[in-house]
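Here the structure is laid out as structure tokens; the discussion comes afterwards.
Chain naming follows the written order as A, B, C, D and E, and within any one chain the residues start at number 1.
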Amino acid sequence: MTGRFTPGIAAILGLLAIYVFVAVLAPWIVPHNPLRQILLLRLRPPLTYSPSAGWFLLGTDDVGRDLLSRVVDGARASLMVGALSVSVSLLSGTVFGLLAGWFRGWIAIVVMRIVDIVLSIPAILLAVLTVAVLGPSFANLILVLGLTRWPRYTRVAYAQTLQVATLPYIRAAEMAGAHAPRILLRHILPNIAGPLMVVATTEFGLMILFEAGLSFLGLGIQPPYPSWGSIMSEGQNYVASAWWMTVFPGICLFGVVLCVNLLGDWLRDRLDPRAQSR
Amino acid sequence: MSAALEVSDLRLAIGGVNVVDGIAFSVAPGEVMALVGESGCGKSLTAQALLRLLPRQVRQTGGRILLEGEDITALAERRLRQIRGRRISMIFQEPQAALDPLSPVGAQVREASGLASAAAREAVRRMLAEVGIADPDRRIDQYPFELSGGMCQRVMIASALISRPAVLVADEPTTALDVTIQAQILDLLRRLAAERGTAIVLITHDMGVVADIAERVAVMYAGRIAEIGPTAAVFSRPRHPYTALLLAAIPRLADEPKSRLAVIEGSVPQPSEYGAGCRFVGRCPFADARCNAEPPPLLETDEGHFSACWHTERLA
Amino acid sequence: MNPVLAVDGLVVHFPARHGPPVRAVDGVTFTVAERETLGLVGESGCGKTTVSNAIVGLVQPTGGEVRVAGMPVRGADRRTLREIRAKAQIVFQDPATSLNPRMTIGAAIGEPLLVRGLARGRELRERVAALLTEVGLRPEHASRYPHQFSGGQRQRIVIARALALRPALLLCVEPVSALDVSVRAQILNLFVELQQSHAMACLFVSHDLAVVRHVCDRVAVMYLGHLIELAPRDALYTTPRHPYTRALLAAVPEPDPALQRAKPRVPLQGEIPSPAAPPQGCVFHTRCPMAIAHCREEVPAWRHLGETIVACHRAEETPAP
Amino acid sequence: PAPALAAPKTKLTVDLPNDVATMDPQLQWDTDSYSVYRNIFDNLVTRSTSGKIVGQVASSWHYTSPTEIVFTIRNDIRFQDGSKLTPADVVYSVKRITNPAFKSPQLSQFDEITSAAVTGPNQVTLTTKTPYPVLLAQLVKLSIVPKAYIEKVGDTQFNLHPIGSGPYKLSDWEHGVQSVLSATPGYWGGKQPFEKVVFRVVPQDATRVADLRAGVADIVRQITPDDAKALQSDRAVQVLAVPTERVGYLFINAEWGPTKNVRVRRAIAMAIDRKGLISALLGGYAKPVSVVLTPASFGYPTGIKPWPYDPQKAAALIKAAGAEGATLPFLTSPAYPQNIIQAIQQMLDQVGLKVVIHQMDQASYLRDRQGTPQEAGSLAFGLWSCACQDADGTIWPLFHTGSIWSKYSNPAFDKAVDEARSTLDVKARMADYHTAFEILRKDVPGVGLYQAAAIYGARRQLQWTPTPNEAFFIMDMKWK
Amino acid sequence: MLRHIAGRVGQAVVTTFGVLTLVFFLMRLSGDPTLLLVPQGASAHQIAILRHQLGFDRPLIVQYVAYLRQLLQGNLGTSLVQRMPVASILGSRIPYTIELAAGSLVVAVGIGIPAGVAMAVWRGSLVERSLAALVFAGQSMPTFWSGILMILLFGVVLGWLPTSGVAGLPSLIMPSIALGALSMASFARMTRIAVLDELSRDYVAAARARGLSLGAAVARHVARNAAIPVVTVAALEIGNLLAGAVIVETVFAWPGIGQLAIQAIAARDFLVVQAIVLFVSFVFIVMNLLADVVYAVIDPRIRLSS
């Protein structure tokens, strides 16, 4: 992989950096307390000014909270959901895939059967079920998303491991006398990381959307804390009367999903040498 | 006798670097001309340029390609389509990869014939028989995976020759094959050139193959032709230090075992490392300031034998 | 004197998903003595790679026995296998894929020493530096990654890694086939030098008869999983006994137009049969210009003709050179 | 798409948030199922528009003793299969729902009844364990089912193809899609206003409103106050709202956590701005209540003042109780209005508590809320309706010692509600409930917030007055 | 081929069994439906009675064995909430589910695959970029939002399409688009990659060297080769379209099994949930088998080597 960056990818990374920056700094840059309700000022349109409370640039929500502050603060939850749940499933999925691909035999059979099992329950059902069992908390939300999505990584890691394991340098490591953990971690993992990262970027956006879906079903981020998904699902009954409640978080969500997906496609094209020619 | 193919000053660039830099050669009908050189020197790009099928990143920045006297460098894609496979065709290094795994080989040969169904089948059958495929009636409906590498290469050759093109470009047609099969394929090419008068541009990096089949040989180094001439002359009296060293570096059955082979120190430069002068300069025993500064022109040293070296005389 | 490597009746079958198993290696016997280099030649798919993999336990033999420095490879447990691999090292064909692209070459060369606890820290660095020098590279290259080297240099690195444990046996599987002509000579020279300085036993696998002749003392010829001829170098090249060996020698194009065009041109007919369904009798009879009815029925026994061992019913009729 | 304004429409299209769970009226008691099957079956007694209990299948009744009540059954009623409705059917209906083996979820509403018997040509006598004043109110929910038919086809078939004596019969039930009712000719109660009634299942609030505005539906159940407000600008539709017997209340755990301290509970009661909630979030569609009961129910006390809204005093009280910054888990589920819960949370936070919302799915919520005091959290918001319009159905289960909902125990309160439960004397009951509510005011195991409204959106031409018990009786509707 | 199919079916049985077991225990860990079935004022004693009657006080393993036994007799049981045979509940929903899945598949395949091919063939051009924007738009809007927007626009404001319900083709359009958008994105990406992959192979160059235009080479050779990975995605996607449509079904009041599943989970209607999961894994199995058949039709290596 050469480190050549096109202007497009620089813009994407820049935008993502801004998102992360805003999310991290949210507590210091929000104009209002994102949780503070002013019931008398509910459902106000963008650019509302109140002499007592000041400007509400993006308007207010259905209990009179500043939408801008909530969208900014919600970036944190949404990005965290994306990042953490992807990490959880990436980590567990990769470990299983590596083990199955390396040891093959019954380990692979068991792991890949479990993968089939989890994959053949629609993710949203599995998520709802698991939230119902575990109860909703941020940690459980991450766990649930991780639990339902790890098989995707396992499949990729498995296929890649099978492929890489036949390469001569793995043979050479065996010849050197390296034990399985070393081969897996030092030799195979770094070389299958690329395709896994590609999956991870696609999943990142999906996870944010997934949380929005769970919020719609009332099982996402715990109120009153905002995430883009929960803001939008609170706003879905006001699509006609208070469009701003869904449009602004929607735009943010669109931006992030777009960026990470473009990043993923870029990575994929970079990492696949064949896609470069012709 | 006019040339079947005449290439002059061909230049191909990738991202501003001339990877192929002013190549010229011609091939007469019925002649086999070999293009040899190390990996990455631009052989395949040259071959692709001859059919105007260059990869997206590669642009032709100069030169002319005359196919039976007609300049095809400026032709539109639609006209080119009528030329490719009809008047100039190509066979590839990996015969199995160059055939669509999902369609029967007969259909792929027919594709090149441009004939309608009933007549086509018979033509394909005859062509397959001509390239030495036993039992063509059965093979015609088989898929590439059911054929061995050698047979696939024959199918490729059949599909390349079914429209009786004037020129056949063969890019390392035997590298992926076993020596005994290679001998069969080379025999076949030799025969076809002789019988049909097809001009063959044979790309290879195997000096043995060149010695076996080519009447003339062009030795490429880093995107340029170092030496070109009749095969016998080039092998017996190489006029370029690269050719000379290359020939000396090959172990031969007649050599003393375990003797030290001559080596060319260093490795082929990357296109990004090309300097202003001779591209062999970093590895050449004769290199001097002039070699560094000025690219040597390709000059005739003997009858039909050209070399691009400032020090040709030192090899005599 | 005990041979460093003894292969005795080695059989390796790969089970196939559909149909009969692939008989990749079907009864191969030979030995390699100390300081000796044995060449193993044959066409693609004849089982050369499988033999070498079986020797170091990278594939499990179906039958027969392999001993490296006296240790049986078949059924070896993990620890013995590790020990065997300390004695026998492999150089693979493609230097590009033989090195982990995400590991510095210093780490790659030092890995055998490190994971076996033979050296670490400074000592490891010094030994890696010495190995690099030995194969003609510079110690400061240790911190670079494989993609920063040319093919020839990479093959040197791979050889350095194989030498790290000072093996008694070096298996070279097509070590120069992926290299350019000009670089190939460098590696062959290095190989001949190492042979002399290290006094190793070598198994040199290749399909290039000229290269094998250049570096080997004895040569074994395989066809379709079977060993068909085994002879000292000069005997093989001057008086090949098996019709296949002869055909092979005839098919190698000599890089000399005068010589090459003077060669008799009688290429072998037909295709190589599938190792999943090898012919009855002599495996070569389908393509053999000398085949008679007997060849189709009976597997030829080993014959000793001078120093040559050959498996052909008509070996005695071989025309004199 | 249905035409919006065809003048003499004989079809009524209704959007309900949920599908009918069962058509068997004795199996399910949710508002959506009831909205449909109420029209297929007649009940023993019913409530008039003014809320008074009046006869339906029974024309009259009288107590022969405090535990014995005799109903006179009308003899002009026929089931939809043509057979006559007899006292035996009434007895069968009672016995069926009170038979434990039948596993009716409504069993506990009727299990005070110990026997039912035909005691005359048109007479049925019910006997209760003890004097049971709420009996009639409960019998409002007793649909009369045909004995012979059920015995013939079995419970499962009956559920799929119910036959009742009501104004409409089920002509098609596409599960999850819609139920279609058509008018039964010669209904004893008079001519039906529509030939056909279609109940569609539309779970999403916004979609129901869209259906109404696009003319796909004529009347939609359960819309939000905000939607109601928005609909007022649409000239083609109207909003029909009625205060119901459903009370919005805040449960406070008196047996666990910081709220074990009564001063904290009182502070909570004083921290909540009922009027603010109602005007801002409920668009005025609700009325404040002073206790955990609505005026639509028997027993609503006069003269009991709720704790005044006084955040300063509340904060001081919490400080005094040493509960400043205490963490209060607030259990809830998506079934409850989120904005109200979040508003309450903020109100309590402002007086120095730290309220943490635990939102889970309804089943888990019920499991925890009805579990041990430790599991039940400190707070929960509820919307309670017993469908009997009697205090007994509300404060007994909510606060009586040992009830699964109750995390509170006070013998004096228990005594008052127990007494009110076993006398038929209206005055005595009123007094008992007054006592009980006094105790609740003092102990604050819960805070009554508001009397919820049922809000319907309908085409402007539809004429109907919704009732406090949320019965959806088509006979009361008509086109203008 | 037969042996292969037998093997597949064997795997499928294991998978189904696993799914069922997982869901069985997961459901029961989350509590039982008794509390949802009793009226609000029920006492602890009454709840205990009902729980006993429903059999939820038995050890889990006993319940599990009983369920399996019943299942082996081909009996899916009776819904606790609806008191109806689960088979008939499911049966009434499946046609709608299939209808919606088919509709969204038409959207997903009809837009996704051509878009993917175009993106690969015109790689790096404006065409690719504008199609990518479409794909990403489809992939980054929560369906509940895009659904309601569509309802308001096409249903209420323009009045072109019914706002909800199942009245024939017009009412299928919006839910199909809302649901198909996400899959459309998957198909487009997958197709793009598969086609790019194939375009870089020698046989494409060889076909062009024979005089085929790029378009003809794509149509004759690339399309079929690229179809193999796409078929794999299709098998997975169809499964997701079936029961993953929860939100779209809720928004559009579409009575599919996704909505049923969520309601059944909320009501802890165990048997219904289990039956749905059985159905979905059955569909997965059928889809995978179908994919195998398609592979065999497309690929002679599979067809002829067995």
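Basically, a contact is a pair of C-beta atoms (placed from the backbone, for glycine too) under 8 Å apart; a residue touches a chain by one contact, two chains touch by 3 or more.
As the structure is a computational prediction, the values presented were derived from the model and not from experiment.
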Neighbouring chains shared between chain D and chain E, ordered by label: A
Partner chains shared by chain A and chain D (touch criterion as defined above): E
Of A-E and B-E, whichever chain pair has more C-beta contact pairs: A-E
Centre-to-centre distance between chain C and chain A (centres being mean Cα positions), rounded to whole Å: 50
Between chain C and chain B, distance of the C-alpha-averaged centres to the nearest whole Å: 31
Where chain C and chain D are represented by their mean Cα positions, the distance between them in whole Å: 87
For chain B, residues contacting two or more additional chains: 56
Residues within chain C bordering two or more other chains: none
Multi-chain contact sites of chain E, meaning residues that touch two or more partners: 30-31, 148, 152, 156, 205, 265, 305
Residue numbers on chain A that touch chain E, as the complex places them: 113-114, 116-117, 119-125, 128-130, 132-133, 202, 205, 209, 212-213, 216-217, 229, 232-233, 236, 239-240, 246, 250, 253-254, 256-258, 261-262, 265, 268, 272, 274-275, 277-278
Residues on chain E engaged by chain D in the complex (per definition of touch): 30-31, 33, 35-44, 46-47, 49-50, 53-54, 78, 81-85, 88-89, 92-93, 96, 148, 151-152, 155-156, 159, 161-167, 170, 250-253, 255-256, 259-260, 263, 265-268
Residue numbers on chain C that touch chain A, as the complex places them: 56, 58, 82, 85-86, 89-90, 92-94, 97-103, 108, 111-112, 115-116, 158, 161-162, 164
Touch list for chain B against partner chain C, complex: 38-39, 148, 150-151, 178-184, 186-187, 205-212, 231-232, 235-236, 245-247, 249-255, 257-265, 267-268
Residue numbers on chain A that touch chain C, as the complex places them: 167-169, 171-179, 182, 186-187, 190-191
